[in-house]
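Below you'll find the structure, written out as C-alpha cells, and then a few comments.
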C-alpha cells in the first residue's frame, strides 16, 4: 500500500497543485480527493483486467 | 512474495495507463471512455509484451540452428 | 536504516520539486523565487500527502461501520 | 534480462501503440518488432562504448 | 551519496548537454558546475524544510 | 554481483540515450546519425559524471583545508 500511496500522491500533486503557494486551497483539496478516487478506480480496472488475463 | 510481484505489476500498469488514459482534470466519476481506454491499454500492453518475447525467442532459435 | 529512508525521501522531494521550481538554465546563485518555490513545493506536497491519507482512512471507517 | 524486457516493452509500447484499441493491428506489431531490434542495437552500442571506456 | 550523484548527474546532463557532441565544451562544463551547485542548494532547502516539518 | 551492477548501468545509459537519440518512428536499421548520437551520449554522460565528481571533491578539499 506504501507504493500505491507514493504513486497516487505524486500523480495527483502534479495534476492538482501545479503552482504550490503558501497553503492548499479548498479547490486544490477537492481536486486531490477526486484524483485519489479516480486513481483507485483506475487501479481496480487495471487489476480486474490483468487478473482475468492471467487466470 | 508472488503476491508482492503481482501488486508491483498492477501498480506499474496503473501508472503507465493513467498517463495515457486519464483526463488532465480529475472528473467526478470514471467516464466510460476512461474505463475502456484503461482496459485496452492493459490488454494491448500485455499483447505487446507477448509479441516482443516471441520475437526474441524466434531470434534465439535462428541463432542456435 | 531509518536514516536511509529519510535520505531517500529528501532525494525524492528534491527531484520532484527540482522539475517544478528550477529555471531551465542553471543560475549563478539560488534565486529568491526558486527558494520559496522549493519550500512551498515540499510543504504543499506533505499537506497533499496528509490530505490523501486522511481521505483514505475516512473511506475505510465508512466501509467498516 | 527481465529489466531489459520491461524497459524495451514500455518504450516500444509508448512509441508504437499511442492509442490502444480492441486489438493490436499488424502495423503496430511490425512497429514493435522493429522497435525491439533498434532497442537491442542501442543496447549493444551503449554496451560497447561503455566497456571500451572502463577497460 | 550514490543516489544523490546519480540523480544530479542525470538532471544536469539533460539541462546542460542537450546535444552531446565529440567533446564537452567549456560552456557545457561551466553549466554542469553551476547546475551541481544549484542541485546541492535545492537538496539543502528541501532537507531543511522537511526536517522542520517532521520534528 | 559486479556483473549485475554493470548490467544495470548499461540499462540506465541505454534508456537515457534512447530518449535523446532515437527517431520517433523506429527505422528498419540503426542509422549512422543514431549510432553516433548514442556513442556521443554515453561518452559525454561519463565525462559529465567525472566532471561533477571532481567538482565535489574540490569542494570537500576546500572545506577541510
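We just call them A, B, C, D, E and F in the order they show up, numbering each chain from 1.
Here is the rule we use: a residue touches a chain if its C-beta (ideal position, glycine included) is under 8 Å from a C-beta of that chain, and two chains touch if they have at least 3 such contacts.
Everything numeric in this text was worked out from a predicted model, so none of it was measured.
Enquirer: List the centre-to-centre spacing of chain B and chain D in whole Å, with centres computed as mean CA coordinates.
Expert: 15
Enquirer: How many angstrom between the C-alpha centroids of chain D and chain A?
Expert: Their C-alpha centroids are separated by 29 Å.
Enquirer: For chain D versus chain F, what separation do you get between their C-alpha means, in angstrom?
Expert: Averaging C-alpha atoms per chain gives centres 18 Å apart.
Enquirer: Show the residues in chain B shared as contacts by 2 or more other chains, in ascending order.
Expert: If we look for residues of chain B contacting two or more partner chains, we find 43.
Enquirer: Enumerate the residues of chain A that touch no fewer than two other chains.
Expert: Those would be 12, 16.
Enquirer: Take each protein chain as a node, join two nodes whenever their chains touch, and name the resulting shape: line, ring, star, complete or other.
Expert: Drawn as a graph, the chains make one closed cycle, so a ring.
Enquirer: Considering touches as defined, can you lay out the ring of chains in sequence, from chain E by way of chain F?
Expert: Moving around the ring in the direction of chain F from chain E, the order is E, F, D, B, A, C.
Enquirer: In their complex, what parts of chain E are in touch with chain F?
Expert: 5, 8-10, 12-13, 16-17, 20-24, 28-29, 32-33, 36
Enquirer: Can you check the complex and tell me which residues of chain C touch chain A?
Expert: 16, 20, 37, 40-41, 43-45, 47-49, 51-53, 55-56
Enquirer: State the interface residues of chain E toward chain C in the complex, per the touch definition above.
Expert: It comes out as residues 3-4, 7, 11-12, 15-16, 31, 34-35, 37-39, 41-43, 45-47, 49-50, 53.
Enquirer: Can you name the residues of chain F that touch chain D in the complex?
Expert: 7-11, 13-15, 17-18, 21-22, 24-28, 30, 34-35, 38-39, 42-43, 46
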